[in-house]
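Structures are listed in the sections that come next.
Each of the next two complexes has chain A plus one more chain, namely chain B in the first and chain C in the second.
Moving on, here comes the complex of A and B:
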């Protein structure tokens, strides 16, 4: 006798009269493969949890964004924001597409150099550039984006001592009508600090002012903020030309375009809420046509986008460790990936799909990681089919910031693989092992006895 | 071994629809959920339910025991059964 197909028993309460607060239960379409490679096969070979990055998606995102900007303004240079994801393989895909490197620390600068990126193709941002890094950057003609007056004078002194000219721009912060204001980075526009800094630079023979930079914020939902930001930089550029006859090589509009991840507290899905990339590109490029530059002087528009180019190219495969009932009867699912490796779950409601065919019955659940810490919550509320221990889940849109901000905590950080355009799978970062972690430590001699 | 009591005015329809006259609440049960609920109403003990399910469904005992416990917790939560 063949037995009937089993499905766990479930009971679902109806909420009539008003919409259930989680919206209509979306039917979770299983995500059984990534770029044609079965999820199951990936974890059989590389373990769980597992980060998977799609080369194809990165290239597609890059080409798409480049095309959108290029069709609006002829001189575009993309730079890859290392902090968003600086795994060598990921950076290499971007460099292969033509992106320069955008770095914010000596560590990132050295990473770019080790990948063979020439100094002149590196944009050096951030408030923390130590003396050695500055010397190297001046020597190698990297584009140094000055963050504050202390740094400005340090560069002047170093360049004088070295008898070199540093290639510099300043980062400008400004009121673009959004809250909170990002006025901590760079020189302020409204209070005149930016123009003051530009005057000092313009008359210093050891500094070559080649550009202006702003990065107005991250996950920016307003196109108008970009239009305002670009207008203000264009105004400064016009001032530099009229007062000093100085023509800039570039204007760098930073990153900050949102990826299609839904923020916590956002009721609508990101796709329904966000402007299109074309609308952002219109807002960013339009003010450039107000420059008092001749057509052959027009500056290059630099972009430093991170999340919009990589988020949807990254997946985290996890598996169910246990099902539980919370005291109020709500279902809780414990998975093997915690917030220590999925930092972005603090601000995103990540889309999560089962990786196998499941029952049609869905239930609202909370998803927790394995960390034994109350903060370890991946989703507070998500409608999912019933799952059993060992079932797999795929967390979507995790390509940005996770594999740079992840923390090693109570266990080892997992493998990261890349599914290549030809469908092959490459290990691009090995999981740590205990010896590697412990090799960084030492035990003082007097502590080496005790209970064994 | 455990036995449960189901209020006598509760009945599941063939399609798995459950109406609670006292509160006006409504629920849906999946097929196996309805079957188990009917067995509970008949007064079956848990051991008996385990045997029936494992005999007729493609499932091992331990997995089903876990799912059964979870199902019972949900029913209790919705105040649809009481443990005797």
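Moving on, here comes the complex of A and C:
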């Protein structure tokens, strides 16, 4: 029999009598293993903190979203949003499931090409595509989504010079009834810029208009915004067909679907607040049936989802460094993972579970990271069991945007491992070491003397 | 000239229901063993065919020997029965014309009115007319040359000698030698026919020798050769060979002995010979009576231009296995994506009695669950609120859209069918979709809708404890009418990780199915239009050659590809599937390998999609074993071939479409040790052209590449 775990005593306010507004006392369910692999074992081998990505969960998410759309519209093509998480192993799982690549910079474009994705299967978005990248994209028949007139002029010029036809679509922004309006990317629908851009492309023989694109926003909580967006694109497509006889290959509805991470401003849990994926899919696909296309011509629906496919496949394992009590009596827990690696804690109230069995007694606490910075706060308020130094915590839903937006600050970025479908564990990004960081730097000769 | 030559040769082979030139030549050579009779026969054929061509009868029919073989028999009969005098030769010419007109009238009448072959009736009537007419003249000497002997009889036992003499008599030849030559020719042409001849003859022989022993030698000969002809006709040439046809031959050859005796006595007072009357009457009566059966699934009468009995069987079994359920309209599954059939035909819940032929569809996720969480709410179900589409083009004839959806687990037995739409697809076919979501119906009565158009959303109304789509075909516009068994024209059925392409089948319970998504490129590649031409650079083993294809159409409006080597592949396309329905020609042309690899092609690409099609054994293997197996064909096909085709995975959107094929041939029963394999691939370019074909079969390696005419393509 193992020795029972010691927990320091806590004082909890007792509510008795009638049912009260606080509901049941919160219970935190420990997360002791990820896809069958013990958290303890993972950190013993790969250290702490540690990002863990579940291959099984990614594939399940992909299949689930694909099924939901595929049962509502016949032609679906998923494209993996690189910026969400462009670790090679992660991209490979998506490509393996059938997703194309959606990139927003020359850097990401090159990454996709290095992974063996051909130009035709890359969607090139974003306001900054430098000349070399555009030349390469035109050459390799990538699907270029034009963001502004200056880019359009540049592509016209380049394509003419190269004697090639560029495969293009335009990004359209529109009022879909949400605040703030996302009108900084692409051509506006209401002020006529979109139709003007389309007209210019349609009459240019060096450009082939193959699609329309919109991305109405991120973490969209309203399905109706999508319905409006899709309707407006469908309207443009109908216009193109009737005016120019142009039949599009695809309509790209972008991404923006939320994951079940609760935003900082939200009172209710995301699960209770958000529409279901089916409702989003209904809203996105329904306007497509208003197209004046014949059944053979129906365009493919492209989706650029990132967050919703990867967020819950990522976990961050951290360790308690210390407990302390704040001036107002509130408990604070210091862990070894800070905002430098958990960038999303700036906008999410991440769900955090202990990684070991605990008693039912809980206490309100703040969780701080290890950085010597006041902003390094992971959760301001969270109800957790009492924890000791060395206890482990698992941060949930961290698959999106963390391993792309993290920064190297006063410590080194940790290992990232993937738990494979068969239960084996693979290191997919090695932790940095000092030599690697310093190898990028150089010291001017006269400063190489050390402390005098 | 070529046409005349072919028509003559085919007239000879036509008597054995054959379409082989070489057999015609052997048979002709056999008749020339007795030069007078042979020449008379040749004149008869040539005159008939010339006459037919001069009068502008259908050239193809003349070529096939349809009008010639009665002339052949009539000509030969004159030389066989009579001393040839100048007067008789003159009259003989005239009677060839009579036989021709009788043939043209009778053969065509029987074909048009009863869909029966005229056989040799015109010949019989011509000769009777002459015999009765000839009694006006005393100088015509009736000569029966049974005594003629050209060697060999003495070396053979009576029973064997009679067999070959009987075969000789078919072409009005005396003696055994022509019979032996004819028989050898037949053996090369068809093992089945040879077996039938021996069986028919033997049974007849046993009967007339031991039971009807008072039959004269003349009667025995008559009975024997009629038995042989009857056995040929019923044992594989006009009826597809099978166990039952074998039994039919046995019975018929006994009947021949009886009818020969009957006709002999009947015609004796008029001094008329029996000739082929027993054969004609028995075969015609049998064929005609068989047409009135309720089910024609066995003892199948020939419904296509005859080949050898082997070819007939191969063609028929291939056709049955590939096209038995084929329909001229092409319904597809009424939804998008992959759905699971929770209740199929004769299902355990409600698909019973009059409502047996219906499907209940639901959606399951990758781990086999049909709902999220506990499934306590309608919206937890993956299929709930997904679009339901029209299976076929049609008119909306009935819409019910005011029944509230049930809570999970509840049934609305008052309105069993719930919210429903009934569509009229024309041709007397209706489809009905039920348990739709309340308020989701997007069409109104009277609307005309296209296939694939969204009708409503899947719901949970009526007798539906959990959300599902009930789909059925029916024959009226009545809601909840009894179901009608009608197949879906194309769909994919999940089998483990793979998808199997199905066409005109009834998806069974507990499988996952999905529609094929049309791919423009594949459709472009296989959309052959009249007049299209292609040329290929080919290599077969060491030999290099060029082969041209042209798309043509025949008189029945069937589209086919013809190669310049005279091979033909008949093609057909439904909305989603390209078929090669049959192939005629050599096994060394590019078209042959195209036939193997494109016997059925879905016009949409899907990863891990594969399909299986039977190939007639004679198209799949040249092995000697096949010939050995053919005498046993009445037991069913002894050697079967199947090709398994599948798409190679396409990684990029501009990759070529590669279809791999694995041909396997396997023997059954006696020949179970035999097996052969071959494999090949067809590449369809991203531009929608059949770029190349490749096949390795036995020791042969074939490949060919499309020659792209640069000027034309620009």
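Basically, the second predicted complex is superposed on the first by the 432 of 452 C-alpha atoms of A that agree within 3 Å, B and C clash if a C-alpha of one lies under 4 Å from a C-alpha of the other, contacts with A are read in each partner's own complex, and residues count from 1 in each chain.
Note that in this section a residue touches a chain if its C-beta (ideal position, glycine included) is under 8 Å from a C-beta of that chain, and two chains touch if they have at least 3 such contacts.
Nothing here was measured: the structure is a model prediction, and the numbers come from that model.
**Student:** Look at A:388 in the shared chain and tell me whether it touches chain B only, chain C only, both, or neither; answer first, second, both or neither.
**Tutor:** A:388: touches chain B, not chain C.
**Student:** First (chain B), second (chain C), both or neither: which does A:154 touch?
**Tutor:** So A:154 meets neither chain B nor chain C here.
**Student:** Could you say whether A:238 touches chain B, chain C, both of them, or neither, answering first, second, both or neither?
**Tutor:** neither
**Student:** I'd like to know which partner A:9 touches here: chain B for first, chain C for second, both or neither.
**Tutor:** first
**Student:** Pick one for A:98: touches chain B only (first), chain C only (second), both, or neither.
**Tutor:** In the superposition, A:98 contacts chain C only.
**Student:** Looking at the overlay, what does A:359 touch: chain B (first), chain C (second), both, or neither?
**Tutor:** first
**Student:** Report, in rising order, the residues of chain A that make contact with chain B in one complex and with chain C in the other.
**Tutor:** Comparing the two interfaces on chain A, one with chain B and one with chain C, no residues are shared.
**Student:** Using the touch definition from the top, list the residues of chain C that touch chain A in their complex.
**Tutor:** 335-339, 363, 365-367, 379, 382-387, 450-454, 515, 517-518, 520, 607, 651-654
**Student:** Which residues, counting only chain B, touch chain A once they are in their complex?
**Tutor:** 18, 25-33, 36-37, 56-59, 63-64, 66-68, 70-71, 73-75, 77-78, 80
**Student:** With touch defined as at the start, can you tell me which chain A residues reach chain B in the complex?
**Tutor:** The touching residues are 3-14, 16, 323, 325, 328-329, 359, 361, 388.
**Student:** Show which residues of chain A lie in contact with chain C when the two form their complex.
**Tutor:** 60, 63-64, 67-68, 70-75, 98, 118, 120-121, 141, 276, 278, 282, 285, 289, 295-296
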